[in-house]
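Same chain, two partners: subunit A is paired with subunit B first, then with subunit C.
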Partner chain A sequence: MNRVLKFGVAAAFVLGTLVSCGNNDEPQSSGGPIVVRRLTQEQYQTIIADIFGADIKIGGRFEPDLRKSGLLAIGAGEVSVTPAGFEQYDSMARGAAGQIVDEQHRDMLIGCKPASVKAPDETCAKSFYSKVGRLLYRRPLTADELNAQLAIADAATVKLGNFYTGLAMGLTGMLEAPQFLFRREVAEADPDNAGQQRLNAFSKATRLSFFLWNTTPDDELLTAAENGDLNSSRGLARQADRLMASPRLTAGARAFFNDMMGFDAFADLSKDTTIYPKFTNAVIADAQEQTLRTITDHLLVAKGDYRDLFTTRKTFMTPLLGTIYRVPVETHEGWEAHEFPADDPRAGLLTQISFLSLHSTPGRSSPTIRGKALREVLLCEKVPDPPGNVNFNLVQDTKNPQYRTARARLSAHAIQATCKGCHRLIDPMGLGLEQFDSLGEYRPTENETPIDASGELDGVKFTDAASLGRALHDNPATASCLVNRLYAYAAGRAAGKGEADWMKYLDTSFAADGYRLPALMHRIVTSEAFYRIAAPETAAVSSTKESAQ
Partner chain B sequence: MNSNARMNRRTILRGMLGGAAVSMGMPLLDCFLNTNGTALASGAPLPVRFGTWFWGCGLNPGRWIPQKIGTDYDMPAEIKVLAPYKDRLSVFSGFKAIVDGKPAVVHYTGSMSILTGSAPKDMQSVEAPTMDTFISDAIGSTTRFRSLELAATGNPRDSNSRRSSSVINPAEGSPLAFYTRLFGPDFKDPNAADFVPDPAVMVRQSVLSAVTEQRQTILAGLGSADKARMDQYFTSVRQLEQQLALQLQKPAPLEACTKPGQPSWSETKENTQIDVVTANHKLMAGLLAQALACDQTRVFNMAFGDATSSLRKAGSTVTHHQLTHEEPIDEKLGYQPEATFFVDRIMEGLLTMVTALDSVKEGDGTLLDHTLMLAHSECSYAKIHSLETLPMFIAGRAGGKIKSGLHIDGNGDSVTRVGLTIQQALGLPLNKWGTGSMETSKTVGEIMA
Partner chain C sequence: MARLNSIFCSAAAMAGLLALGANASAGEAKGFAVTWFQPAMYTADDDCPDGLNKSPDFKAIFAAEGKTPEQIKDLIDHPNSKEFADAVINRGPHGENVCADPASAPDPGQKTVQGKIAFGFNLDGKTDSGSTPAPNTCAHAKFTSPDGTPGIDNQHYRALGCMIALRGKRGHDGFVLSYIMERMKAEGLRTYLIEIKGINDPKDNKDVEVGVYLGSDPLVLDAKGEVRRDTTQRVSKDVRWHNVVHGSMKDGVITTDVFDLNLLGDPIWVPEFHFKQARLQLTVQPNGDIKGTLGGYQDVMTMYYNTVKSGILFETTNAASCPGVYYALKRLADGYPDPKTGECTQISTDFNIEAIPAFVLHQPGDTGKTKTAQATPAGHQD
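So, the complex of A and B:
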């Protein structure tokens, strides 16, 4: 069996708790418009590796992604391909196709041999394009599409005198085709609900697969779409359960949290190495990995409460991270589990290096930036930009003997009425993290003055980072922000007005499910609301897009 | 599609590929090759080029605006370095961005007002495309690349060129990758003696036409926003097809064109260290000048730095931007000396760019004479993000279409006057430009030739 057909073999067991009984109490939802999303760099790379093997190298640069309403996944529904970007897709496609048909790979990946290497062979080309095309386009090729590829392979083989070169040319066309690069959803009339629209089965399969695995639907899922299984609640639940039981769910969850946490910004992050000599690219990589491991271990392995991520003392360490956290790490390479003691200042994601260092300036910590990130990333609030003509002198002069800590400097700065409103909203939360410097190292004092990390989050008082984490844990916006982001990520757009009841329902059931992420994911993917497409006149495409901005 | 149709298609494709080899002298897209090829061969004027050159965090008040208006202006400290080009450089002061109640988005509103004629409503959007895209549509459709975007910082995001809020032309950040893209295997030397069209290029062309043939099917049923996005995709495919078509055609000889050597050093990773940026920029400027001389493109956008200028000294990550806000003003000097260190390096960078254009002899003059390059920043005084008197310079004479060597004082007029003037000089049929209070029909008459 070749790799194309083996792709996506999932774990064989099904979680008993997840066997669906449908969401019978699900409220009516208007659904939203269809979305056309450009593949992300990670998705493109994963798909090529899934279909053709991880040794196919992809050389080229991807166009920068766009963050909208807090998510790259929403921006993906608004970006296009520029001329420079398409040049890159073309070069990547030719590179990949060339490797797929080279002598090393052709026997395993093509699955048939031409009668003559020097002449066209329609049978072989057809079997290859149909098989691969179905995985790339996430549906079977239409007759027109298949014939177009065959015509290219044929003409190219004749012109260039080699079957494999000709075959690669047709494949190149598929790898740069809009059907592959854009996940375009297709709506159809819903036979179970007269007058309403839903995603068709292939679009359902695609949403399911990208949401849960961050890759193209595998053979079994496409088959379930083809034979109509995905249109029955039992068939849909069976596939949802299978995907959720697979170890690949971890990749899906990681992709979501990577997006939600804004880890793409690490690519542009720099620190003053004279102040923070420990800050290296290896630390950046480990810090992100630590957070993603903490999240997936807690949510998927331990099936923990989402809110506990902000209080948990359990995490993972590498020797490199150990030097910054100042904890002993036994392993010489790789990761080991670590638990901070109950009296340690570190507890929860807020006190991890990834959050602390990403939301700081290069040379010093910033309660304002951290507070803003906390509000925007974890509570889904929008903090207005500062006015243009702010005088930052006071805040930024860390050597001023009169204002020895960030708290002192900020309170002197935010005395103006125009600044006060926002700073009152964001600074107290950021000040709770002041005992950690710009890199994330613990420091109880600044300029020999003890740091007071107490404050208040939406009326709940805290004394330090750990109790700030507790306040965040208890804040109702924390859980509903996750619900909001997760649904927007899965649907590729912010929830619309007609989905208010559905979102409320998700909030309530998330709580009822003990704030367990897998339960929430399962509830979304087995619902009707997730696949409901609003008719254009009620969908208010433009208003949804505006609210997304 | 039945098998007859398939056979037809196949026959056509085979015929097309076979035939193209026989009739290799035939232009594949004769509409443009005629204008391009014969125009130059027949001794018509050399093409006019347009470029932008961007840096972040402005200049210091009182240190760059000449006292004298008009010709023979004085050159204060921060622009003194450009003195060798004074007669081919115009300085624009006193032009401002007007936001009309929209927020003044720091480090963004200024540049987008200059380039789009409208103040953006937030950091992520533009109200109109940047003018380089209109200009490239007008003067760049016959060249291999409609425009080229470069960032000496190495960061593809450091690009101001936008067709819409979500279509941002990414910048090339590596001189080596830029070299390969321009002068690698796909480059056809216009002065080469022999010319053999590559059959593989013909096949690649047919692959792309098969993609574009699906346009109607793909666009069907999409909403207008998605339709526009997919249309942009197909435009991009068409541009690559056009590049390939040019490779199949013997290019018209270009006296000024010499294929440059491959750069021996290339900082590929994003790096904002000032010496790295300066070296990157110098390599890129040289390659870009050759790309223009070889008529690979007629439009470029070069970013020396990013808008929140991340330039820094070796061994430090205190950035130019931070210094503009944090560094106290030296009482004796009257400015921020550390921040100004970067201003001086930036202006040296501008000198490098202008020199690179001027060092290519072309016709009776140099490439610079056939270029109009707008150099600008996104704010005037970065310490307070000022949008008054945004610094702008125009280098070159656009092939005689504009006058140079002037200091123009806008007296508080909108920056759009400069953009309108540029677009008119380059032949765009515009009589007014900009929105809201920035809408103007008043060009900068002093520089119109």
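So, the complex of A and C:
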């Protein structure tokens, strides 16, 4: 272990100890605006499963998500519910409520029995709505809200002659209410910092829970909000520690990386199966899962350096993936750990099927698309879209005997001045991955011509995909990008101008913590900056350019 | 071993050839999943000058059984009825089922192959069709292989090669054979694996070890409906279906020593395969696949019953008669003569094989239990 690393580990230990007691060295931050975010499909489904059990089936189609500034989590703050979308929510709510009160589930999920099945029972209904309403709305129901639910249930019970049907009617209303579908944050005056605002305790609990577990706050967290624990640094740290020690942290981390890596695009991914017959929907599912397993195992289980994700030889394999990676897989079903040997062309996330296949065209690999993705997804840079009048014929003609490799085709294509700048920025990185086809299968030649996978990333030369991964590992923007994305994901918005010192502090701390994700997450959720709400004039969000620096 | 296979597969895909092993003494191993394993039927325009076999003349059979014209018409109008099947199959002189008891019926004269070319091996060492047979064989005509090698023995093809169901454009994919293979692949009915060990050179290796195994995992199809390449396949733990034999590789062609091959058969047609005096020749393809032929002797009666096991369906679908097949196989059998009667009990048979790269994994308890297959001496009777 070298001296720098030793220092880093020691620093991480010291900082980790400090973190548990609050970030005393935290710089001033303006905070940002309050955010209203629509639940994602996964969040909706997870919440229903958490509150009512995994056997409550949710059928229906969710409103499409919006990716903004690189994240769906930010786009979630800029979407609404269309009339057609509301019909879907209504259908899903009715379906779920019907199952919750059916004979199979009612005794376990409602928690009380009416005096008569045919008549209203306000005591039982009130008990039920209070309990589940607190979890669904992420705060106790107001008296007006509770009375409104009871009125609906009573009226429906009288009209339909069945207590449970009436109860389901009220529950349906809660499941399609904006208080449930939208995470609306609430600010309050910060008594410790005169003139400043912060999220109230329930909004804090909500941010914490969705960031770390990707679901609604549990009973203990809401109780901590109710009794004021979350407004003390010690109480906040106690809850943060509890949430981070839970296995459910994996779900939170997976949700973040699923968003950051843009895996929602897999839903629309297709390949020409005459060229890539190994491509199936099962491959798509396994490829995503492989990357998420690799990430969470490295970052949460092994508590590894984030940057090592781009150089690690360790991953997980299924029999299906083994056919594409061309490695034996001993397990007959499910997953097994796999480590590529040191001389293998594959190393790191860039050489996994998920990245390679997602950022290719259906019929061929694309150094340009891959390079653009690398810049935008992993380095948080914005690459302009190509001009509308570009002729792609030369690039797409993979059988042109004059240009037998993608490098040759791109060299001939990118001679126009309008194209040259961007191609010079993104192609060299994409060409480093050219030894993997559109599906992600290794191929050292194209049209029987050896593929030259050398290139340069921001001045650092590489010879192949593995050394490209090393260059990405060593690039300062790689770690900064993660910090930027993680904070934006947690806050639901990009960091504002008034948060520059805070973001710089997170960058520095991340490095001092050995680029450990849990330490970064903990530092964010136990900070004051994370919950600070800015006055409108300082809350301007940088939307035109994202800075990873 | 798994790692060696991994390196090998990548190299094969890169160069289209077998990969070189870094360790010359141990050599590399290469695994394959078999995608075609069916009788080698060489189809040509002039190999059946007497025409192809046909189903029995059902009307004549019914008339000979004393059925009235009305009864005959009723039977012909209901070819899928039990009455039709019984009337056809139970046509022996005393009502015998002629598929179960073919010797009860006279030989209807199966039309057999007259052509000169066939896939296969020279199993008995003779290169001509002279009247003096090799020791422990019966006199028979020889074929020449498509590449001009004389002395080829494939009497199974000679006996059955003029049946439409077994003939095809490619020379070996008659529709019945294709149907069987497609079902085997699509339904995962049977997996055969080949493993070649000791490869130190892409093309020439004096000593290699060839393993032919029953697999325990079904084949997996890709998006095109073809067998998926590069899957991991486990060898069955049942050592009865492990066959390991010495061989050599010259100019990319692997040829084994003589051995006895035993494999669990497909559930559709052949319950078990038992090839005596078998040999295997496999050629490495530019894309890393292997193609070749397995040749050896198979028991005549087993072959007969396997062939006609569907009874009426065989006679109607395959356009042949059970007694015709029986007498042809008996007449053309060329190996392992019965010491008492002198009649040969086994018939030279060749199967075409195609296989694609796969990772062949031996399961715990498998290694060490496989002994090198031995060849049953010619003339030895079980």
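Here is the rule we use: the second predicted complex is superposed on the first by the 519 of 549 C-alpha atoms of A that agree within 3 Å, B and C clash if a C-alpha of one lies under 4 Å from a C-alpha of the other, contacts with A are read in each partner's own complex, and residues count from 1 in each chain.
In this section, contacts are C-beta pairs under 8 Å (C-beta built on N, C-alpha and C of every residue); 3 or more make two chains touch, one makes a residue touch a chain.
Because the structure is a prediction, the values reported are computed rather than measured.
Engineer: Per the contact definition in the header, classify A:Ser270: touching subunit B only (first), subunit C only (second), both, or neither.
Structural biologist: After superposing on A, A:Ser270 lies in contact with subunit B but is clear of subunit C.
Engineer: Looking at the overlay, what does A:Tyr44 touch: subunit B (first), subunit C (second), both, or neither?
Structural biologist: neither
Engineer: Now for A:Phe462: first (subunit B), second (subunit C), both, or neither, which partner does it touch?
Structural biologist: Neither: A:Phe462 stays clear of subunit B and subunit C.
Engineer: Looking at the overlay, what does A:Thr323 touch: subunit B (first), subunit C (second), both, or neither?
Structural biologist: Touch partner of A:Thr323: subunit C, not subunit B.
Engineer: According to the stated criteria, A:Pro341 is in contact with first (subunit B), second (subunit C), both, or neither; which is it?
Structural biologist: Touch partner of A:Pro341: subunit C, not subunit B.
Engineer: First (subunit B), second (subunit C), both or neither: which does A:His332 touch?
Structural biologist: In the superposed model, A:His332 contacts subunit C only, not subunit B.
Engineer: Contacts for A:Pro444 in the overlay, against subunit B (first) and subunit C (second): which applies, first, second, both or neither?
Structural biologist: Second partner only.
Engineer: A:Thr280 in the overlay: touching subunit B, subunit C, both, or neither? Say first, second, both or neither.
Structural biologist: second
Engineer: Which partner, subunit B or subunit C, touches the larger number of subunit A residues?
Structural biologist: B
Engineer: Across the two complexes, what residues of subunit A are contacted by subunit B and by subunit C?
Structural biologist: 273-274
Engineer: Quick one: in the complex, what on subunit B touches subunit A?
Structural biologist: 1, 5-6, 9-10, 13-14, 16-18, 21, 103-106, 122-125, 145-146, 149, 155-157, 163, 165-170, 172, 177, 181, 199-200, 202-204, 206-208, 210-211, 213-214, 217-218, 222-223, 225-226, 228-230, 232-237, 239-240, 243, 270, 272, 310, 312, 315-319, 322, 325-326, 328, 384-387
Engineer: Which residues of subunit A touch subunit B in the complex?
Structural biologist: Residue positions touching the partner: 33, 36, 61, 63-64, 66-68, 75, 78-87, 90, 94, 143-145, 147-152, 154-156, 158-160, 169-170, 172-173, 176-179, 181-182, 184, 267-268, 270-274, 361-363, 385-389, 391-393, 396-397, 536, 541-542, 545, 549.
Engineer: For subunit C, which residues count as touching subunit A in their complex?
Structural biologist: Touching subunit A: residues 2-3, 5-6, 9-10, 13-14, 217, 220, 222-224, 226, 228-232, 234, 359, 361 of subunit C.
Engineer: Can you tell me which positions in subunit A touch subunit C when the two form their complex?
Structural biologist: 273-274, 276-280, 319-320, 322-324, 326-330, 332, 341, 442-445
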